[in-house]
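These notes open a run of structures that come right after.
Look at the two complexes coming up: chain A is in both, with chain B in one and chain C in the other.
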Partner chain A sequence: MKSQGAGAAAPRTGNQRKSAGRAAGYWSEVWRRYRKSRLGVLALLMVVFLGLVAAGAPFIAGTRPIACRYQGNWYFPCLYYYNQRWENPVLIREGFRRSPYPQRLREKDPRSIAIWPLFYADPYRRVEEGEWPGRPRDTGPSPPRLRNPFGTDDLGRDVLARMVHGTSIALLVGFVAMGIAALIGLVVGGLAGYFGGWVDVVLSRLIELVMAVPPIILILALIAILERPTIWHTMAVIGCTRWESIARYARGEFLRLKETEFITAARALGASAPRIMFRHMLPNALAPVVVALTFGIAGAILIESGLSFLGLGGDPSAPSWGRILNEGFPSLGGDSPQWWLILFPGLGIFTAVLVYNLVGDTFQEASDPRLRGSSR
Partner chain B sequence: MSGSGDAGGRATASGTVTARGEILLEVRDLHVHFFTESGAVRAVDGVTFQVERGRTLGLVGESGCGKSVTALSILGLVPRPGRIVGGSVKLEGRDLLALGEREMRGVRGSRIAMIFQEPMTSLNPVYAVGSQISEAIRAHRRVSKGEARDRAIDLLRRVKIPVPERRAREYPHQMSGGMRQRVMIAMALAASPSLLIADEPTTALDVTIQAQIMDLLQELQAELGMSILLITHNLALVAEVADDIAVMYASKIVEQGPAREVFTSPLHPYTHGLLHSIPRPGMSRKEKLRVIPGAVPNPLAFPSGCKFHPRCPAREGLCESSEPELLEARPGRAAACHLVRDGVGPLKETP
Partner chain C sequence: MVHYFARRILIGIFTLGLITLVIYGLIRNMPGDPLALAALGALDAGQQVSSVHYEAMRKEMGLDRHWMVGYFQWLSGLLQGDLGNSLVGDRMAVTAIIAPRIGPTLLLSMTSLVLAYLLSIPLGLYCGVRSGTWQERTLTTLLYMLYSLPSFVAALYFLILFSVRLDWLPLSGMRSSDEVYGRLSAPGKAWDILRHLVLPVACSTYASLAYYVRFIRSNLQEVIRQDYIRTARAKGLSERAVVLKHAFRNTLIPLVTLFGLTLTALLSGSVILEQIFGWPGIGRLFLDRIYQRDYPVIMGLVLLFSLLVLAGNLLADLLYALVDPRISYS
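== the complex of A and B ==
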């Protein structure tokens, strides 16, 4: 272990808190080992890239300016893509919803300035003739071409724009679903492991029950009951059915930790049960749970894509990757297969699932206590 | 601690009056059973002893004789499937076994603290040691985080950790075993307990560090006036630091008394055997180290009568049928042996 020579010289007051973070803890040790795997780092970069694409989708593809100066004021019409209500009421009053921005801006305020996204294309509609100077009407379906790098679908909508905007759906499903799953899994697994006895018996049977039900069937059944399923229902259902591996890891960790001397020591020093569970055991139980969580995110993305592919993913206009696949699927048997509607979203799903699994794998190896201290 | 009662009579050693000092902790007739599938294991089977204020009691015995379980029962932390089935544990006259979990938490750490054998594993690996000590402080006192941190550094200085400001920010895995045991001691001292239970505190450390840690404990004891219950299988260690000694064999205390006296004139054949099995400097190479024949009995099937009788060189008929009680043999000395007569044990030869 590296000694913290620099930290030692720091003055005692004020600086103390800051330098405390510099001492090499468990997580920095895990990170040190994680970095050694080139594939793992690459996958992590890809995860970050996907996250940036998801968060910045309107900056990459859209038909609304990222920012525009209109009649002396600055507006950010791209916020519309995050939430329709975030579009400035002034712009709505000025009729920007009826005709597209480039045209309207030119007509109403010739001196206006606008900063446009990388691609002028909309995930929800096709681009019309004359909307953008010199750009013809987007027809569909069309294979990839210069102005539609990933092609267009039946309705002439740009596949790249749809995929970029669909990234946030895929990731959101992964994170929200696994957030719910982590909460349930940690509570169930933690209680089972901590208390043992009949609590463990009951909760373990519950875990096995959830494990035994094929999730896709359960999800189909639950979605069938709902009148108007949305993407949030899908997330909730995945979260409520895919927590069993997290619970099993958490249970194992709590069982192991319960017997460790530092937990007995904490008890002997008068710590209460919740304090022992949350402050002493939980941080020590986290590493395997994070691994299960990463795999779970990949799994949730896959399930959501599958559901959307089957046409059960909620809002049909939402540009989910699975739905794009679904739109291209019928053409596959015909004379002119729309391969771009299969290839690009397929690659998107494949990449997302792969990189999350790779990150999980690498993290598992890096955090494995059996390898702790070995200089791999 | 001491056996007590009238100086001359054979009163039971569980009498409460002592000649010397104020009793801090009194364990009386403690029974702890572990309910396993193969039956109830009597891990602690009627243990009685006292710890006087400001003194050190050495609780000695082989592995598995019930020392650690006794210590954990004092704190009410017997692990499952163990349960305290009888007896009392009184701290300053208050019965700890009658306390609820909440009240017991108030006792743990603040009145009685404990340090463990493995300093490697008794600190939480994910927190810096300073914050672990601060936490122990804040568990019992309402102080601000800053105050707790300052006090933690103070405690680290007290247990003689150099550059405590810097060490407080380090994690357990960055420290040596001796260093970690010092940190454990600092944590234990956080709320100035009146009793420190040290369960094999130096077993995992090398000999020079052992001596340093024991010196530190004695120094702190003198400074803070706390009592120490030192649990160990290391007779040499007890000889050096304990004021009183209690020898445990097969879940029971077989002999107790002032350390010096027990060492010079053991009453119980088991104590006698233990003392003779220590190698001494000056022993000739041909001289064989004496051992106690046989093995520690299985707690699921203790022998009838005196639990030591199958291994005892001095056993008589009575030993096989009736279990001896811990009785006062002479002032301040008690032994659980039928053969102790007129304050003298059956095996005369002194080590």
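== the complex of A and C ==
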């Protein structure tokens, strides 16, 4: 029964009433079943929310206007947070890098208009006295207070701003790392399953090899060989070490699908091997792979924060959640423990891992026809 | 069956060779070597090594040769039962460095493994039998949340709560400082270690606990739908006998395989936790030696870890065949 595999059996075998459904019908059926789980939908909403926070971080917290009208032209200084090179050269020439925006705008052009982020704080520096009308200098480290709801770190940087801007790091690591892992896993697993024979023997050995090294060992060894690891290296390393479960699922699915009648039919029609693999087998093998991928994203977020916590996560100034934990940890042994540097980033990591796990679980139950109606 | 396992062991040895080769290549290509790092440290002490001396030391440590040559030297040493000497400090033998670290790690991981099994079996049975009631749902949700809570985050939370705020438990280490520990009586020493053990064990137990409970529960739910359970009920057995004698025994099969797979986590899964709690174990040794570029010690540890994974997988298969007479490897 185990070998029956999960997923795409629905349109061909199960559910006679909906037998007209094709691949699209299968996915809408999955979605129909997914929606039944209130927790799953809630988790999905949280995933969307986290994505929005990550994508719109400069709109939520920053010291640069989202948009401003300066000497007759509109500028978008917040783009700086996405990429430092996207700051308009005109603004750099006008000296906006030297003194903060609110002050400078008032001095240089009293008639300027600016749309500000929700929350005036910067993830990379402290807010100084008089920068924003009525806002005193941010001293650090400080426990949570009205103007710094999550407190500030040693350098007076606002923890909420750092966490908001760190969301994109966590999610980006999850998605990019798992994108790489999915690519490797699908190619290795797919080829092994489709061709079988000696190809399968060799590739299966490869999968076993990767499984036989404890991931943390391989990741630490790989990170350590880099002179100056960046967040992109971390993603690549996680992606290159965490593909084996995807490969195993893909192999199992391709092995199973190879024996089905519609593949035999496709072959009889003279379809080429790539066509059979991409057009006919891949869409039917996707459900378990997506499940493994979702769990993988949760795992990648976990690994990245762990590495950053150990101080191995690349650029030290990047506001990764694990990095904030790393900055707060030494203070626990001292006289003034900075608990807010632990509590809030910890909650962030926990939430991200939890919601991706929940989405993966719910999707697994919704996409696996064997489990239908079994969960009371 | 003997044939099957002989083949598996041969493949395992081959895999081991590949893993050590890859890791050796990786670590030898890390930027910096132990000498350069040691020289960097000695710079402030005003005892810089002369360049002639430096070259001589490099040669003596074998760092001037290509890493492939180095690997085969390491391998031939290994075949003669010699893991070499450390490259830092007083150049102790690798085995002498690793050996004293095994005890603390095993103390931590064995305690948490036993605890996890002791707690998860009754909890899993409860969840499987009472499936659908609100108590079961609360418990399952709670365990699910625990499962998603990274152990290092939990460790930091525990430290804040129990060590910093309440000051009930020590912050780090395996025992109090030598002068305090030395004056304690034997039960006092045990109590001291126990107090240091509580938080690390709690952190490494809860995650696997959540996983095992889910595992047992889903297996039990699958078993309970089998015909032989219906038969057992139909012949009038008490619910207790049905669950414990008929259902639970059959859920043991996958549980046993799980045991083989946890063998690895026993020694390696604790790098971050050992770092946080200042536990003098294997994981911390590995991290320290990566920083110091101490190639022989890293290789010794990698060998240990990979051996454990392979042995664990083999053990899982073997146990599977032992407990389930339907399985035969031939």
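Criterion: the second predicted complex is superposed on the first by the 346 of 376 C-alpha atoms of A that agree within 3 Å, B and C clash if a C-alpha of one lies under 4 Å from a C-alpha of the other, contacts with A are read in each partner's own complex, and residues count from 1 in each chain.
Throughout what follows, a residue touches a chain if its C-beta (ideal position, glycine included) is under 8 Å from a C-beta of that chain, and two chains touch if they have at least 3 such contacts.
Owing to the predicted nature of the structure, the values given are computational and were not obtained by experimental measurement.
In the superposition on chain A, contact of A:Val213 is made with chain C only, not with chain B. Once the two complexes are laid over each other on the shared chain, residue contacts for A:Gly134 go to neither chain B nor chain C.
Using the contact criterion defined above for the overlaid structures, shared-chain residue A:Pro89 touches neither chain B nor chain C, since it reaches no partner. In the superposition on chain A, A:Pro110 contacts neither chain B nor chain C.
Looking at the superposed arrangement, the partner reaching more residues of chain A, out of chain B and chain C, is C. In the superposition on chain A, contact of A:Gly72 is made with neither chain B nor chain C. Within the complex formed with chain A, the residues of chain C that make contact are 11, 15, 18-19, 23, 26-27, 29-31, 131-132, 144-145, 147-150, 152-153, 156-157, 159-160, 163-164, 171-172, 221, 225, 264, 268-269, 271-272, 275-276, 286-287, 290, 298, 301-302, 305-306, 309-310, 313. Of all the residues in chain B, the ones that touch chain A in their complex are 72, 75, 77, 80, 105-110, 113-118, 121-128, 130-131, 135-136, 139-140, 149, 163, 165-166, 169-171, 173-174, 184, 187-188, 190-191. Residues of chain A that touch chain C in their complex: 205, 208-209, 211-214, 216-218, 220-222, 224-227, 298, 302, 305-306, 309-310, 325, 328-329, 332-333, 337, 339, 342-343, 346, 349-350, 353-354, 357-358, 374, 376.
Across the complex, chain A meets chain B through its residues 1, 3-4, 7-8, 12, 16, 19-20, 23-26, 196-197, 260-262, 264-272, 275, 279-280, 283-284.
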